[in-house]
Structure formats: structure tokens, C-alpha cells
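Every chain is named by a letter (A, B, C and D) in the order it is written, and numbering of its residues begins at 1.
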Amino acid sequence: MINKQVQDMAAALDGLDDGAVILAGGFGDAGVPNDLLHALSGLHLKNLTLVGNGAISERIGHGKLIDSGAVSTYIASFPCAPHAKLFDPGTPTADVALEIVPQGTLAERIRAAGAGIPGFFTKTSAGTPLGEGKETREFSGALHVFETAIKADIALIKAKRADRWGNLVYAKACRNFNPIMAMAAKTTIVQVEEIVELGGIDPELVVTPGIFVDRIVVIETPFTAQDLS
Amino acid sequence: MINKQVQDMAAALDGLDDGAVILAGGFGDAGVPNDLLHALSGLHLKNLTLVGNGAISERIGHGKLIDSGAVSTYIASFPCAPHAKLFDPGTPTADVALEIVPQGTLAERIRAAGAGIPGFFTKTSAGTPLGEGKETREFSGALHVFETAIKADIALIKAKRADRWGNLVYAKACRNFNPIMAMAAKTTIVQVEEIVELGGIDPELVVTPGIFVDRIVVIETPFTAQDLS
Amino acid sequence: MTGGLSRSQIAWRAAQDIHEGATVNLGVGLPLGIPNHIPADKEVVFHSENGLLGMGPPAAEDEEDWELINAGTRPTTLLPGGSFFHHADSFAMIRGGHIDICALGAFQVSANGDLANWDLGDGKRIPTVGGAMDLAVGAKRVFVLTEHNARDGAPKIVERCSLPLTGLACVDRIFTDLAVIDVTDRGLSVTEHLETISFEELQNRTGASLEQSSDWRPLISPALDGE
Amino acid sequence: MTGGLSRSQIAWRAAQDIHEGATVNLGVGLPLGIPNHIPADKEVVFHSENGLLGMGPPAAEDEEDWELINAGTRPTTLLPGGSFFHHADSFAMIRGGHIDICALGAFQVSANGDLANWDLGDGKRIPTVGGAMDLAVGAKRVFVLTEHNARDGAPKIVERCSLPLTGLACVDRIFTDLAVIDVTDRGLSVTEHLETISFEELQNRTGASLEQSSDWRPLISPALDGE
């Protein structure tokens, strides 16, 4: 019988190692796998490359993992919200290497990795500082840059509901990067609020088919930014 | 008020012209916009480029439009089922130019057009006759070919249900090429079995958001291969 | 500084150029005022790049749903007819030219429509690009809403941008507190400006050469509450 | 022609190499027999490139649903846990390396794993590639199920393919009526063959050089009904 549910965080994060490339979902605080990220912070790994849209605070989610010292490179479109204590000179994370990627290019590079496309051209960032040093080509008279897939070892995903095959549905604006990140890693680890019986998710409603999911851990009440206060 | 529904086939196909590039959905007979294609056959246009997975018979769908003499080029992965009377020497459609494209490459080239990606690399067809003459590049030691987006003037789509904004849901295996083709044309024309009130489609269940849809025509009982007998 | 339009009036003026049925993405700052000036009977579909189409007004304070946020990460609402999708699909809408109008703020716009709006280039802050570069080059039409001059009086419309670019030749129309200016193949064309200033004065407050459009008309905005 | 395995037995043998939980795509011909030999208590997820995961057995004759067809365009079924998706997502699964095993038929397989299975190259038929090229290079492991020799006795396993290729160096394991052969970096390695024929006889019926695997064992299949 296929059953991708694991019993606890330790099992969910088993085998993660120093130097891994990790995709972590979410936008703002919506869809951020905070519980997975916080548990990962506690493993004291080193030299992780973290990929995600951005951190909202050093106290939660992407920011908390970065602040724990585990991350040497952060690939993001909006690395940090204005008031987060991250990356600034004098903070513990001043040495984290930042790679700023336009949000749509970031999404497409991740989707490309999941879809087996090693590289593609896009108009986004052509002629700007973020396009500097990239191969360029004209299409229909407009300058484009060549972008490559971002493949990862691990994807950390948050979804609303799963079944034991790993089919996932999300809540509202909490899809964001999660469905495409689930496609792009060797091992995809998901935190969900509940697991329903097989067949309990309408096949027309599945957003992430189970083929993209490796491990599921149930966190009934996920940690959110509302819990910080 | 936004209302993309048009009253009849004439209004749905209004403005189509000789030489247009037309995407038509479907795989086998599932999701094929037969009624739109048959109405288009009656317009006696010329030199259309038709793009789709393949024709199952000269009497229906893609095959009927081709057999009507309107199509000068067919871009397809499986141009014709074994017993269809199409393309063979001596048949009326012997002169139709065929461009055979691997099915996944066809899907990705259409999706690329919809997503504003002018070109991408894929391993598919590298080293084969279908990759001949294409730009090649190695990634991770494997030969890849460069493929370009297939942009179209018109997409002919079949869906199950729509609302007046053009949100679409499909039935089971009838999605196939329809959702990606809806993204890739200047004008997307959809036949649906019913239109429900705005809000009548769960926002989590929308497969094609209305942004991709221009005209909707209701065909309560679509023509299918079962009607050929 | 002048008797120019208020921020609400700039948003009002831009809203007049949004047609019924348009799909519109709004950047932060001035553009966020636009929905306040779309009449209730004119259906406009707002896109939020974090995966919403058919976005409604911000959530009421006692109805905040943190699973339903906008691109500014604040609780919002979804109208009937709305839909949810993931980031690759959302930016396919943007990059693929499916957004009719994107309204953005600006640090600088150049005579050929180059836009600088993401990095002040002063090294004081971590640069955060978000979706600005994708929106700038992807939308069918790009509106810029901006004060005509910075607080120190420096023109924001310039011959060439000195700040790091967001996109090349991507801006179509500029709405300021003084004027409405189209970016054309021949340069910047003033289609409207306040009657209270002369064309020469407008030119003096602009860092690039302007021409007056053949269908020029005065820039008029109603008085608006709350300014 | 020989006392080799029946077509069902070839499918049975391939089915033994499909692990529980595997996601599997089946090409037309011999591979379509594989599901008949997966025990009911072993969950295998079948993918159909027209947009199904968790495909079940073909639809019963009185329960045909023409909105639910397989890649062969015949009515099929969906198991609990199944899902529907569009063609770009379906081939993202294939091209992105998410399909564990793809089982295909073959006209020819070469010593380095090149596959020819889509065009006989005789100009007699319109060539129809379908998803063969994507599957051949995209799946994690590619199984080929084929008669060891064509009807005229010509070997289907050859030094170099003479027919138009489907994919380069893509085949991992070949199941025939006579043997199970792995494509390795050093060439073709026979892991199993019928005890009723000698290695020399197998070599004589093969168009490429074979070596016997160090963990060779006899190819044995149960008698199967319906042959």
C-alpha cells in the first residue's frame, strides 16, 4: 500500500544534509511551511541554498531558517520585508549571499526544473542590472535573456489537505509557489492540516498530483505570523 | 457587464480569415470542439494552419476541417488515425503540409506561447529525424534541441461549463490540450455545454481562468464520434 | 508644491482609462487608489500576482482571512467569478501578455519609456524586485502613476534613467499630478495638462523633451473627498 | 518460431520489475498486458499521457465513458486517488523525470540503448510520433517489451538502429520472449534467458554483442491462461 504519511517532523526531515538546495513555498505568510522550516532550523545544518519568494521576519518561516545560520545563499525575489532584521551589515546574516530574481522568472525557473526544461528565454530583466552577464537573444525585435532551471534536493511545501498517495489541495492564495516547487525537487516534503481517505479529494480538484510528493506530515494547526504578536 | 457569451456559431467565428493559425483542442475525440470545427469547415476559408494532436477521421473534428480543403498545414503529433482517409496520395488532402511534433514538445510549445516564453530547450527529439536542423545544446551531458513557441490567431476550445467571465471547467480526460491552447491565441473561442451564473464555479476548481477566454458559445449536446455510427 | 492633482485625483484620472472588462494589475503606492474610482457598475477584473483573478476590495477589519492575501500581503477578498492559481500560471498571465493594463509607481521614466521603480541604487536597502520586472515588460499596456517631481523638485520624467532599470521601453502612459503623457515612437506626447500651468512650465519641470499632442485637452479632475 | 515466452508471459516478466508505489506509463502493444500481472494488493499508479494519473482497467463494455479515455483513445477508468490534468502538466511529469517506469514497444533497440519505435521509414504510412519521443527520454527507467526477432527472423536488438530513432541511449532494460537484457555502460548484459536455449543461440539471434551478467539466472515464467 502506498502511504506517504510520516509520523513526525524527524521522519519528515530525515536525511537532509549540509549543502542541500531547498525550495520553500509561500508568499508573505500564506502557504509558508513554517513548521517544517522551524523544525529544519533546529537541525543546525550548514551551507544550505534556500529558494523562495522572500522572508517576512527573522522570527518566522524562511527568515527564521536564515537567521538560524543554516543558509549561505538565498535566492529570492523579495529577500526581506522592510522591518525584518536580516542581511543588513551588523546582523548575523550579513554574509548570506543574495541572488535577486524577478518573481515571474523565479517561478518559471522552478517550473522549468519540474518540467524537464533546462533553460528558456524571457524578456523579463533584459537590459536591467538583473539581466547583466546573461546570454541574450532577440525575438520579435525585443531583447530576451536566457534563464536556467533551478533544480533542488528538497522542496518544503504547505498544503491544506492530502490523501495517502500525496494528492494535494491548497487554500485560496496559499498555492503561490507550492505547486511548482513540489515538482522541482528530488524529495518533496509537505505539511498538511489533514489527511483524508483515498478518493476523498475530487480528481478534478487535485492541484498537485501525488506523483510530485514524497513525504507528508500532519500539522493540524500550522504556525502562522498571527502567532508571533 | 462582462459577458463573453455569443448567440450563435456565426458570432463565435466572426472575423476568422484566410491564412489564420488555429489551435484546436482535443485528444482522440475527447475535448475536441467538433461543433466549432464543423461550423468553421462551412466557412470555406483557405490556407489555414491547424495545430492539434491529431485527426481521428475525415468525417469529424480536425479531420473534417482538413478534408474541407481549408487547411494547408497541419502541425500535429499523431496527424491521423490509421483508418482516416487523409493525407494519403490520391486523397484530396494529399497536399496538406504536415509538421510532425512530439506530443510533449507540442504541448510545451503551445504553453510557452501562452506564457510569453519565445523558446526553450528540451531533450525530446534530440538525435532523431524530428530534431534535424534544430539548434542543439548540451545540458548535463545530454543533447537538447531548441524549440520555439507556437503562437496562434485563434484557439478553438471545448469545455464542460463556463460563466460569463469565461472561467472554464472540463470533464475528466477532456482537458488535454484545451487549457494550454486557451492561453496561446489572440482570440480564444470556446464551446461549452452550459453557462452557469457568475460565482457558480468554485474558484478553487477553475481550470481556465476567464482572462484567457474571448467568446463562448453554448452547444448543449456536442457532436461526438459516437454520432458518426 | 503646486496646485496639482492630489494622489486620489491621479488615481481617479488613471481609472478613467480603464475600460470595462479589462484585466488589471496594480503595483503598490499610487496605483492602489485606482479601484476606489471604478464605478460599481463597471466590471474590471483585478489580478494579483500571488495567484488571484477577480480580486475584490481589502478585507474588512473583522473579516480578515490570512489565507486570502493580495500581493502586498494584506487580507483581501475575491469576487464572484474569481479564481485561484499558482505562481507559474499567474506569471504566464503577466509574461504572456494577458494582463490588459498594469499600473505601476515609478522612481524615473525615460523619454523612450524605460522604467526605474525597484532600486534606489543607494545601497541603503536590500534591493527587492518582486514582480515589477515581469509586470513592466509583460502587460499589454503599462501605466505609470507618479508625482511629476520628487520631493526635492527633481524631475521623475527624464531623458535617460540614472537609477537601475526595471524594464526597457515598457511604459505606455504616465499620469502625474500635472499631466497625462504618452510614450510614443517620436517621444513624450502631452495629451493633457492642468490649465493652471503653461506648457512651458510643464516642460521646465520635466527632465525630457515634451511635445503637445494634437488632441490635447485640459487635465480636469473632480474634487475628491478625503484629501 | 521457438518455445519462447508468450506475449502474456513477456508482460508478466516485466510486471515483476515494477515495484509497489511506482508511477508507470505504458505504450501500446505488449506493454498494455502489464497491468494484468500486477497483483491486486500491489499499488501501482498508472499514468496516461492524455491527462490521467491513477488510471484503472479499461471500462466495461456497458460502462464506457467517452470523456474518460486512455492514450489509446479507448474508454478507461480512474481509481480512487486518481487525478486529471492538462497536456503541459502531463508532459511535465514525463519530461521532468517523474515517471518511474515507461514500458514501450520497439522496432529496434541498439547496443547503447537507442530506440526506434515510431516510424518504419518505408514511406507507406504517415509517420505518427505521439508521445513516444517524450516518454523515451523523460522517464526514469525505460523498459522495452518486444519479440526478440521480427517475423522474418531479423534481430530487433542491433548494433545500430537502421530505422528512424525515437531517442538516444534511453532504454534501460529489454524484455523479450527469450531473455531479459540490461543496457549498461559496457553494452548489453543478459541477466536472464530461457534455459531451453544456449547463450550462443541467443547471441546468434541478436544483432549486437551480448555479455552474460554475473548475476545471471534462468528466465522462468508461469504458464498463463488465455494464450
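One rule holds for everything that comes next: a residue touches a chain if its C-beta (ideal position, glycine included) is under 8 Å from a C-beta of that chain, and two chains touch if they have at least 3 such contacts.
Computed from a prediction, not measured in an experiment: that's the story for all the values here.
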* To do: State the smallest step count from chain A to chain B, taking one step as a move to a touching chain.
  => 1
* Asked: Between chain A and chain C, what's the gap in Å when you average each chain's C-alpha atoms?
  -> 30
* Structure fact -> For the pair chain C and chain D, the C-alpha centroid-to-centroid distance in angstrom is 56
* Mean-CA-position distance for chain C and chain B (Å) -> 35
* **Multi-chain contact residues (two or more partners), chain B** => 108, 111, 115-117, 122-123, 170, 172, 203-204
* Asked: If you look at chain C, which of its residues touch at least two other chains?
  -> 78, 84-85, 88, 91, 94-95, 138
* Chains touching one another, given as label pairs in label order -> A-B, A-C, A-D, B-C, B-D
* To do: Spell out the part of chain B that touches chain A in their complex, as residue ranges.
  => 108, 112, 115-123, 139-140, 144, 169-170, 172, 203-205
* To do: Using the touch definition up top, name the residues of chain A that touch chain C in the complex.
  => 27-30, 54, 56, 77-82, 86-88, 98, 100-105, 107-108, 110-111, 122-130, 143, 170-180, 207, 224-226
* Sites on chain B touched by chain C in the complex -> 1-2, 111, 113-117, 163-165, 167, 183, 198-199, 201, 203-204, 206, 209-212
* Structure fact -> chain B partner, complex, touching residues on chain C are 20-21, 23, 41, 43, 45, 47, 53-54, 78, 80-85, 88, 91-99, 138
* Please name which positions on chain D make contact with chain B in the complex. => 48-52, 65-70, 73, 78, 84-88, 90-91, 94-95, 114, 119, 125-134, 137-138, 164-168
